[in-house]
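What follows is subunit A paired twice: with subunit B in the first complex and subunit C in the second.
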Partner chain A sequence: MSDILNTLLYHSPALIVAVPLLGAFLTPLIGKINDKLRNIFAIVIVLITSFLVYLLVSDVFSNGIRTYVFGGSSPLVNNSFAVRILFEVDGLNAFMAIIASILAIAGVIYSWSFMKENTGLDKYYTLILLMIAGMFGMILTGDMFNFFVFLEITSIASCALIAFRTNQGSAVDAGFKYIVISSIGALFILFAIGILYSQYNALNMAVIANSISYGFLDKIALVLLISGLAMKAGIVPMHMWLPDAYGRAPSSVTLILIGTTQASLYGVLRVIFSIYGKHLTLPVKTIGDTNLSLSALIGIILISFALLTILIGVLMALKQNDFKKMIAFAAVGEIGYMLLAFGAAITSISTDPLTGSTILATHGEVALKGGIFHIINDALDVGLLFLVAGAIYYATKHSSLNKLGGLARNMKYTTIFFIIGLLAVAGIPPMNGYVSKLLIYQSTFQVNPILSIIAILCSILLLAVFVKVFHSAFLGPKLPKFKDVKEVPKSMILGMGIIACIIIFFGLFPNLILDNIIDPVARAIFDYSAYIGGVL
Partner chain B sequence: MIYNIPYIAVVGLILIGLAAVIFKRNLIKIVIGITIIESGVNLFLITLAFRENSTAPIYHGTGSRLMSLPVPHALTLTSIVIGVAVLALMLTLIIHIYRHYKTLDVRKIGGDEE
Partner chain C sequence: MILIIDSILKTLTTGSGFWNPLVWIFTIAIVLLLMYILRGFGNKGYKEGTEQTKSFLSGNEEYEKEKMHVKASNVYWGFLETFRWLYKRFDKMHTGNVSDYVLWFVVIMGILFLIIGVI
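Showing the complex of A and B:
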């Protein structure tokens, strides 16, 4: 038994991508036999994948970095030539894989009843498994070009899913916007990969990180990589695809889209902290008699984009009238919070005057932890709200707030889940959002008090947004046209329930998560030499 | 100078493509812009692989052992295949958009018709 587990663990990085990929192309065949069997098959595939993720993650958190080389035992050929494709899993990758697997399970279970009335479900399940495979690939890979390929797989699958309801013109339009932005972003990334390859003759992230010299071409590559990934992550000013895509896609798809957006955000972190990690303390500009280091420069740029993202996301959410679009703009704002935390963490990187090594100031460490914790919190909170919005659409066939009202009388569970999501997104104490947002306020205050003031204000505005939704959709007298509205089917409640339970658990025991998961992840992000050491 | 011409062409192609995507109002022209950017990037990868007086990376007989790099060729092939998939998907979406809105002008599409 333990032999089998060990073999599974050894091959788990490859299997996590291979199982959903194989499942994706088997789904139409099984769909020929029976529809119910196909749905069960998709859920089983996702559960197997999540079990493998669990095996891999528990091993990575206890034994450190795990490298899986395709077609050989060592990443290097003749001890010097790194041509093999490899997956390298450190704390950050493992953490993102946990998020991806939670979202995948909830999304596929929720789909069962949510998509029941649609046709073309064989294709739907194929695409959704393909998207999950691509997402895991992006998260686990240690090879630049491989990252690009998985990025494209994800964007093709998710574009087709956003435009799944081709009978609605706006859904097709949202899909087109998404594919234009994401293919241009991906081409930027490919161009940057070409530049890096031309200089270091390697595609492996760790090998590039080891030999990078930060010359003129590397600067261009850095800008291209960050802007390409920012397009995919929906950071203002490249956010215009996100509200449409999140708002028009079926809710179960939106949930997994959140995962792919965050996989792109993971790419930004990997590029800055690991690939360019060696040169973060390099002085790049002298203003007066102070030296501005690269980390300060990147940090300030990220913080300014983050503030824009938060402000535009939250303010646009205030004026929306469509339930799902409102949540989508709130999701844009939430991405801003993560970016703000990472920007604050990057500005605090400096060189230790005694040992000459790169260190992170205490508030930077807090910011990094807050940002990482906020990644998972955002995925859960915004995901839950989207599922609730989907449930309301399923029950009433409306998503405009002007037409909804009095739903709390008929949909008790959905109302409870909405309250949980609302409190969590706004950062109110018993929920998980409070913990990460408090860490972010606390640390950004030390960078500049104005940052945390803006962050807190926008958080209050978010609460206002969702209280408005709560009031107009759930409260009020029973509307005659919603007399026959029933509570949504069990699989949808189960999908929402899984996420709601995790939200409350994280909110009640934040220290458990912070000490056991977030802390090692923060150390793994910052320790670029360990990431390089995992290969060389 | 002569060796830099391909790189200048690469940057030129990418800028032309970006300009088309940003300024053109017709969906088909936007798609053409994206394919131009893609050709620029592919040309860049191919140019990276070239060495002067090199042969194709296949071992045969004697003669020059100087070969062009095979890895960028593999990358380019993959990128072309992905590009075709994306192109097909974009054109499919354009067909659907045309059916709904009866126009390809970006200013006139995107509203809810309900």
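Showing the complex of A and C:
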């Protein structure tokens, strides 16, 4: 038994991508036998993948970085040329894989009842599994070109899933916009990869990180990578595809789309902290007597984008009357919080005058932990709200808040899940969102108090946004047109319940998560030399 | 196991503050208990389904239930009206046209080129 587990553990980085990929291609065949069997098959595939993620994550958190080389034992040929594709899994990759697996499980279980009235479900489950495979590939790979390939797989599957309800013109329109934006972003990322490859004769992230010199071409590659990935991550003002896509896709798809968006955010972190990590303390400009370092410059850029993202995301959410579009804009705002934390962390990176090593100030460390914790909290909180929106659509066939009302009387479980999501996303104690936002507020206050004030005010507005939903959709008298509305089926309640339980658990025991998961991830992000050392 | 229990009970310190959800829950539980006790002192003559529970709208007749519910578009009307100048700009930005989305991407890339590439 332990031999089998060891073999599974050894091959787990490859299997985490291979299992859903194989599952995707088998799904239409199984669908020919029986629809229920196909649904069970999709759930089993996701559960097997999540078990493999669990094996890999526990190994990475206890034994450090894992590398998995395809087609050989070492990524290097003749001890110098890094030609082989490899997956390199450190704390950050492992953390993102946890998020992806939670979203995948909840999304596929939720789909069972949520999608049952739709046709073409063989294609739906195939695309969902392809999207999950692509998402895991983006997260686990240590190869730049491979990252691009998985980005494309995810984009194509996502586009088809966003436009899945082809009878709704707006869904097709959102799918079209998504593929245009994704393709353009991906092309610029490919261009950046080409620039790096032409200079360093390598596609491996660790090898490039080790050789990078931060010349003019590297600066161009950095700009292309950051802007391409930022657009995929939905950062303002490149966010406009996101409300369309999140708002029009089926809710189960939106949940997994959150994971793909965060995989792009992971890409931004990997590029800044690992690939360009060596040069972060490099002085790039002298202003008066002060040397402006690359970390300060990137930090200021990220903080500026973060403020725009939070403000525009939250203010636009307040105006919306469509439930899903409102959550989508709120999700944009939430991305801003993560970016704000990472920006604050990057600005606090400096060189130790005694040892010459790169150090992170205490408030930077807190900001980094807050940002990382907020990634998983955002995925759970916003994900739960999207599932609630899906449940309401399923029960009433309406997503316009103007047409809804009094649903708390008929949909008690959904109402409870909504309240949990509302409190969590607005950062109200004792939910998980409060802990990560507290870390973000207190650390950004030390960078500049105004940042913290804007973040808190926008969080209050976010509460106002979801109080509006609560009032419009759930409170008020039972409307005659909804007198026959019933609670949603059990599989949908289970999907929402899984996420709600994790939200409460994270909120009640934040130290358990911070000590055992967030701390190692923060160390892994900052320690670029360990990432390089994992390969070379 | 001891480490896990330690993590569960530990107070989170943020450098300039702290947070312990278990203490918070304990405090809230006491507050709720006090509220319940205070509620017990209330008037017990309340009868459901009588004139006591009917909405008083300055002597006017009650509207139908569907008409009584304040619609989402009316919530925060004052806020949206005050910031109409700002929302007008936001609406101009969110055209829904994919070529505008690409334009924003190009503009941001250009700005980043100037900041990172030139500096």
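Simple rule for what comes next: the second predicted complex is superposed on the first by the 536 of 536 C-alpha atoms of A that agree within 3 Å, B and C clash if a C-alpha of one lies under 4 Å from a C-alpha of the other, contacts with A are read in each partner's own complex, and residues count from 1 in each chain.
One rule holds in what follows: contacts are C-beta pairs under 8 Å (C-beta built on N, C-alpha and C of every residue); 3 or more make two chains touch, one makes a residue touch a chain.
Keep in mind the model is a prediction, meaning the values are calculated, not measured.
Undergrad: Between subunit B and subunit C, whom does A:G120 touch in the aligned arrangement: first, second, both, or neither?
TA: A:G120: touches no partner chain.
Undergrad: Just subunit B (first), just subunit C (second), both, or neither: which does A:A163 touch?
TA: The answer is first: A:A163 touches subunit B but not subunit C.
Undergrad: Just checking: does A:P283 make contact with subunit B only, subunit C only, both, or neither of them? Give me first, second, both or neither.
TA: neither
Undergrad: Taking the superposition as given, does A:G72 touch the first partner, subunit B, the second, subunit C, both, or neither?
TA: In the superposition, A:G72 contacts neither subunit B nor subunit C.
Undergrad: Using the touch definition from the top, say if A:F176 reaches subunit B (first), subunit C (second), both or neither.
TA: both
Undergrad: Mind working out whether A:I184 is in touch with subunit B, subunit C, both or neither, as first, second, both or neither?
TA: Touch status of A:I184: both partners.
Undergrad: Tell me which partner touches more residues of subunit A in the superposed arrangement, subunit B or subunit C.
TA: The partner with more contacted residues on subunit A is C.
Undergrad: In the superposed arrangement, which partner chain does A:G533 touch: subunit B (first), subunit C (second), both, or neither?
TA: A:G533 contacts neither subunit B nor subunit C.
Undergrad: With the two complexes superposed on chain A, say which partner A:L203 touches: subunit B (first), subunit C (second), both, or neither.
TA: A:L203: touches subunit B, not subunit C.
Undergrad: Now for A:F145: first (subunit B), second (subunit C), both, or neither, which partner does it touch?
TA: After superposing on A, A:F145 lies in contact with subunit B but is clear of subunit C.
Undergrad: Across the two complexes, find the residues of subunit A that touch subunit B and also touch subunit C.
TA: In subunit A, positions 176, 180, 184, 244 sit in both the subunit B and subunit C interfaces.
Undergrad: Under the definition above, what is the set of subunit A residues touching subunit B in their complex?
TA: Touching subunit B: residues 83, 145, 149, 152, 155-156, 159-160, 163, 166, 169-170, 172-173, 175-176, 179-180, 183-184, 187, 190-191, 193-194, 197-198, 203, 244 of subunit A.
Undergrad: With touch defined as at the start, can you tell me which subunit A residues reach subunit C in the complex?
TA: On the subunit A side, the touching residues are 176-177, 180-181, 184-185, 188, 216, 219-220, 222-224, 226-227, 230-231, 237-238, 240-241, 243-244, 284-285, 292, 297-298, 301, 312, 315-316, 318-319, 321, 362-363, 366, 400-402, 404-406, 429-430, 434-435, 438-439, 442-443, 445-446, 464, 468-469, 471-472, 476-481, 507-512, 514-516.
Undergrad: Mind listing the subunit C positions that touch subunit A in their complex?
TA: Its residues touching subunit A are 3-4, 7-8, 10-12, 14-17, 19, 21-22, 24-25, 65-66, 68-73, 75-76, 79-80, 83, 86-87, 90, 93-94, 96, 98, 100-102, 104-105, 107-109, 112-113, 115-117, 119.
Undergrad: Can you list the subunit B residues touching subunit A in their complex?
TA: Listed in rising order, the residues of subunit B that touch subunit A are 14, 18, 21, 27, 30, 34, 37-38, 41, 44-45, 48, 71-72, 75, 78-79, 82, 85-86, 89-90, 93-94, 96-97, 100-101, 109-113.
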